[in-house]
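So, here's a batch of structures to check.
Common to both upcoming complexes is subunit A, partnered first by subunit B, then by subunit C.
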Partner chain A sequence: MTAMHPTPSGTRDVLPDEMRELRAITDAIRGAFEDAGYGEVWTPAIEFEHVVGRMDGGGGGYRLFDDHGSVLRLRSDLTVPIARVAATRYAKTEPPLRFSSFAHVYRGVKPGRGQMRETLQAGVELIGAQGPDGTAEVLTVLCAALDAAGLREYRIGLGDAGLYPALLASVGVDAQRTAAILDALVARDLVRLSVDVHALGLDATTTGLLTSVPLLRGGVEILDGVDDRVDTGRLRAVHGAVSGAVADRLIFDLGLVRDLDYYTGAVFEIYDPAAGMPLGGGGRYDDLVGQFGRDLPAVGFSVDLNGLHIALAGEQRGERPRAQENPA
Partner chain B sequence: MSTTRPELTIAVPRGALMGDTLDLLDRIGIDTSEVRTNDRKLLFEDVGIVTMRPSDVPTYVEAGAADIGFTGKDVLLEQPERAVYELLDLGYGRCTLVLASVAGEDPGAEALRRLGVMRVATKYTKIARRFFEETGRQVELVEVKGSVELAPLTGLVDCIVDLTATGTTLRENGLVVREEILVATARLIANPVAHKLKAAAIDDVLERLRATEPTSA
Partner chain C sequence: MTAMHPTPSGTRDVLPDEMRELRAITDAIRGAFEDAGYGEVWTPAIEFEHVVGRMDGGGGGYRLFDDHGSVLRLRSDLTVPIARVAATRYAKTEPPLRFSSFAHVYRGVKPGRGQMRETLQAGVELIGAQGPDGTAEVLTVLCAALDAAGLREYRIGLGDAGLYPALLASVGVDAQRTAAILDALVARDLVRLSVDVHALGLDATTTGLLTSVPLLRGGVEILDGVDDRVDTGRLRAVHGAVSGAVADRLIFDLGLVRDLDYYTGAVFEIYDPAAGMPLGGGGRYDDLVGQFGRDLPAVGFSVDLNGLHIALAGEQRGERPRAQENPA
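Right after this comes the complex of A and B.
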């Protein structure tokens, strides 16, 4: 037995055979981003905590001190640094601004799940373009990138981060109870959501509406039968703004929420039958760039390249999904 | 036996939840006779059933190796980070997670008072740690894999946190319930991707489960 020289848990080495395949994927995606006019940027792997930390809803993360005692933070997503770049380096430039990036992000992990602490992502950010046209453009770029990578069976779940909170507000649910119900939805705990909704003491029709809306998902036709109190306008507008090929990939999902706080409207997730977990996602973050001093609406996504690689290999083999990462 | 492969792969727990789970599947039209007659086989592809210990069900469902699964709320609470949908409280498999110690003066309370910390044996370390933090008590948790009731009888610990359905095992070992921590029942869970890509099939199972009468505990 050789001596143990491990890498930190949640990190791993990439050797040439895998690297050639990964490189082919990133080259194909980079081409799709360039064709759509998204210029690639690099941002530092470490940034000041006081600059980027307050935007980050992803929990965990890694911090260190520099030699002046400032708290630094390892990049935990691609969106926040690019929002900073857009607001500070392009403070006077006429929007929209289009950026892409390929970088490792670092996240604290929950023990025992074999999650990676270091993951390679590819993403784009479209800054200064309103929904639904901006959202439709980014969904189109996402499909072009996945097509270029060779993924065949993928679907894009499309939801609206504001839809369910607005519905709760419209039937008079207070902020505290809304927060508890949204917490259950983010945790995918629909049993707790149902218990919390029933505890509101609303009439049976409203209670039924609040418990059934998060379960509505499917083709655009699911929007037709929805109660008038549910505002599906933004989702319909996005559907109207994308091509038929992109529309065919969409799964409208009234229960879709993402666990980052900065999403304000459309949110999306990437699914493939060969992967057990979403391959990435994104959404609108119309308030984030403004926190860096230039108030611009924005939308973007990121794809987990290791997850995409596993899904591609799975589609080629025609196998059941497998776990996306093994413990290091 | 059906001729086409079923659309959903269903994770079924072996052990205490298995009988009620198979009864429920029969009632919604999934034939479980092969599972019942074959104790050693684990994978039943014709009916889309895989069997495993209850604590493995979230692992298979999260990874997408099974699309949906049946497991106890106690298992889900002990593995809170699993990214799975919890769709339905099935009502059966009802049991209570309790704090128990040997009859007579509570050794746990005495240890807390005199020594500032009590030793607690459990299989449910995450739930127990959270419970004692919430109730402001210092404990030393001892994780055991086998019969937890043995630990306080041998002096390994002052008390235990364990699951009980009827209380019989506790009584037979001279232990009494000091506090009830939570009540757990069986739950239907689903993989987050299958929940979107196989929405119709999963909703169909959900509707048929809702339409059945709740089983007795």
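Right after this comes the complex of A and C.
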């Protein structure tokens, strides 16, 4: 029967037993966001393309057309609409502004990749707070939310979207070649990155630096051995601004660059051993709110609630447990 | 600022104070649905047009296209997707099946009418239960949900989508003229209906009957004086199957015909003196689930949660209070 009446690939029906669990997770996370002072907002799932479309990282969004000839976009992201709300509905309000949202986002899918077209996300945006303190605050809220949901084994990969571009600039790589190399980095294609770096014709030490930095990943101690030309100051500052419990969750990752154009500084992703994919992520987007008319630095994240649900179930079944660490 | 970065007409941002109230209403209604045994489901907001598009009452829905050339529809209704879920995912489950859902629906708007493109609805579907008992059950759930939300002054208009068509057939009106007259009735255009009825050239008594029946509206006693050619049996049976508290909320309305093609019997709408528009409604759709491969009678309703929120606020401000009836 289902085969005769399918839903599009990357979408699915959620039936009552699962829905009850998803609601419990959502309620726990909403409570954590509220406790931290993040008020929930709802923005329309359909917006004018000329208002939000160009800012959502491009590609993969759904366009639709109304009877008046307007080009609309289906929401592909929680951050851009909230940046719009902050700049327009809170144009005179003293920052920082704290918002949360729970909504589905819609993205195009490539055949056979198992990608989701429709994803339920929970997110927060902190607008008008600089790094490192603002970044530390949202990392703290993120950990509180995951803790409230009951996730135990998660780690947060922390990178800096500006670090590698600054390194390339410091060794004189031009804009065009920088773009190609960053494209390889975003795709986590370190073979292509290495080929592109070697083609720059730089000295062996610099070439070695450019190919090795994206591989650096681990505790805060990895920052100590890094070449002076790599500016790890912002990462160290975030580490210094979070509590010990949050710091213990962090994995510093100098190769982490998220794939949305609007990130400007710290970027992060959520991992769990019971999940095959990141459960979400976020970062600083200090230039985005200004595009809607109010120039404020900002940082936020989103969590994929279905992925989180799967990870929670996996942890409960004891998949890839970390022995002794978390007596349950 | 907002003028520079608008959202489409009929959509809006919901800010935290209002969102908190909407969540409280939603939680109260979800609790009432759960208490009555209705499990929540989520269905995708985007579905294939060839699966659901032709069944949603037509017109006004949004179409979109994916990269594979498929024609998709944005959800315009909660009932059709749940009929699909019931027939395909519960193909072998013993009826009755009870589902609830909370989701936004999307419909095209006409300029200047103040219509909403995006509406948050709460609904239930009872699948595999005949009228009058099934109809009485969902009316009872509806009252429990509105009571749980705190609405006090509401009434439920109850009609029968089959009553007037059967009356027209009994006096020999042909299919084409029946369609035109029903179109006027759905539009609540009683002037046009009267013109069309007079043009039938029937005797004065019959003409008087056809023009007066759609005006009959009131307590159950209005059914007593109706001409024998009008079959009020199903309405009486529903009245006999509900509790006194639910019966007290009912207004019988022989002119009520909802505008979705799939209704087959009892239809109803929710009114409140503090609301300018119906807060939702529903009815029987005994032929819809069968179109997805499992022939089961069904009945359901949806409530417009934003309209309900406005009505609750209006009642609390004492707008159009019904003196003495409800000491608050």
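In this section, the second predicted complex is superposed on the first by the 315 of 328 C-alpha atoms of A that agree within 3 Å, B and C clash if a C-alpha of one lies under 4 Å from a C-alpha of the other, contacts with A are read in each partner's own complex, and residues count from 1 in each chain.
The rule is short, and it goes like this: contacts are C-beta pairs under 8 Å (C-beta built on N, C-alpha and C of every residue); 3 or more make two chains touch, one makes a residue touch a chain.
In this text the structure is predicted, and so the values were computed from the model without any measurement.
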Please tell me which partner, subunit B or subunit C, touches more residues of subunit A. C
Which partner chains sit in contact with A:E47 here, subunit B, subunit C, both or neither? Use first/second/both/neither. second
Just to be sure I read the superposition right, which of the two partners does A:D253 touch: subunit B = first, subunit C = second, or both, or neither? first
I'd like to know which partner A:D272 touches here: subunit B for first, subunit C for second, both or neither. first
Contact residues common to both interfaces of subunit A (with subunit B and with subunit C): 110
Could you pull out which subunit C residues touch subunit A in their complex? 1-2, 4-8, 11-17, 19-20, 22-23, 30, 39-48, 51, 62-64, 66-68, 70, 72, 74, 81, 84-85, 87-89, 91, 99, 104, 106, 108-111, 117-118, 292-294
Contact set on subunit A toward subunit B in their complex: 110, 112-113, 155, 157, 188-192, 215, 217-218, 251, 253, 269, 271-273, 275-278, 320-324
Within their complex, state which residues of subunit B touch subunit A. 9, 62-65, 79, 81-89, 187, 191-193, 195-197, 199-200, 203
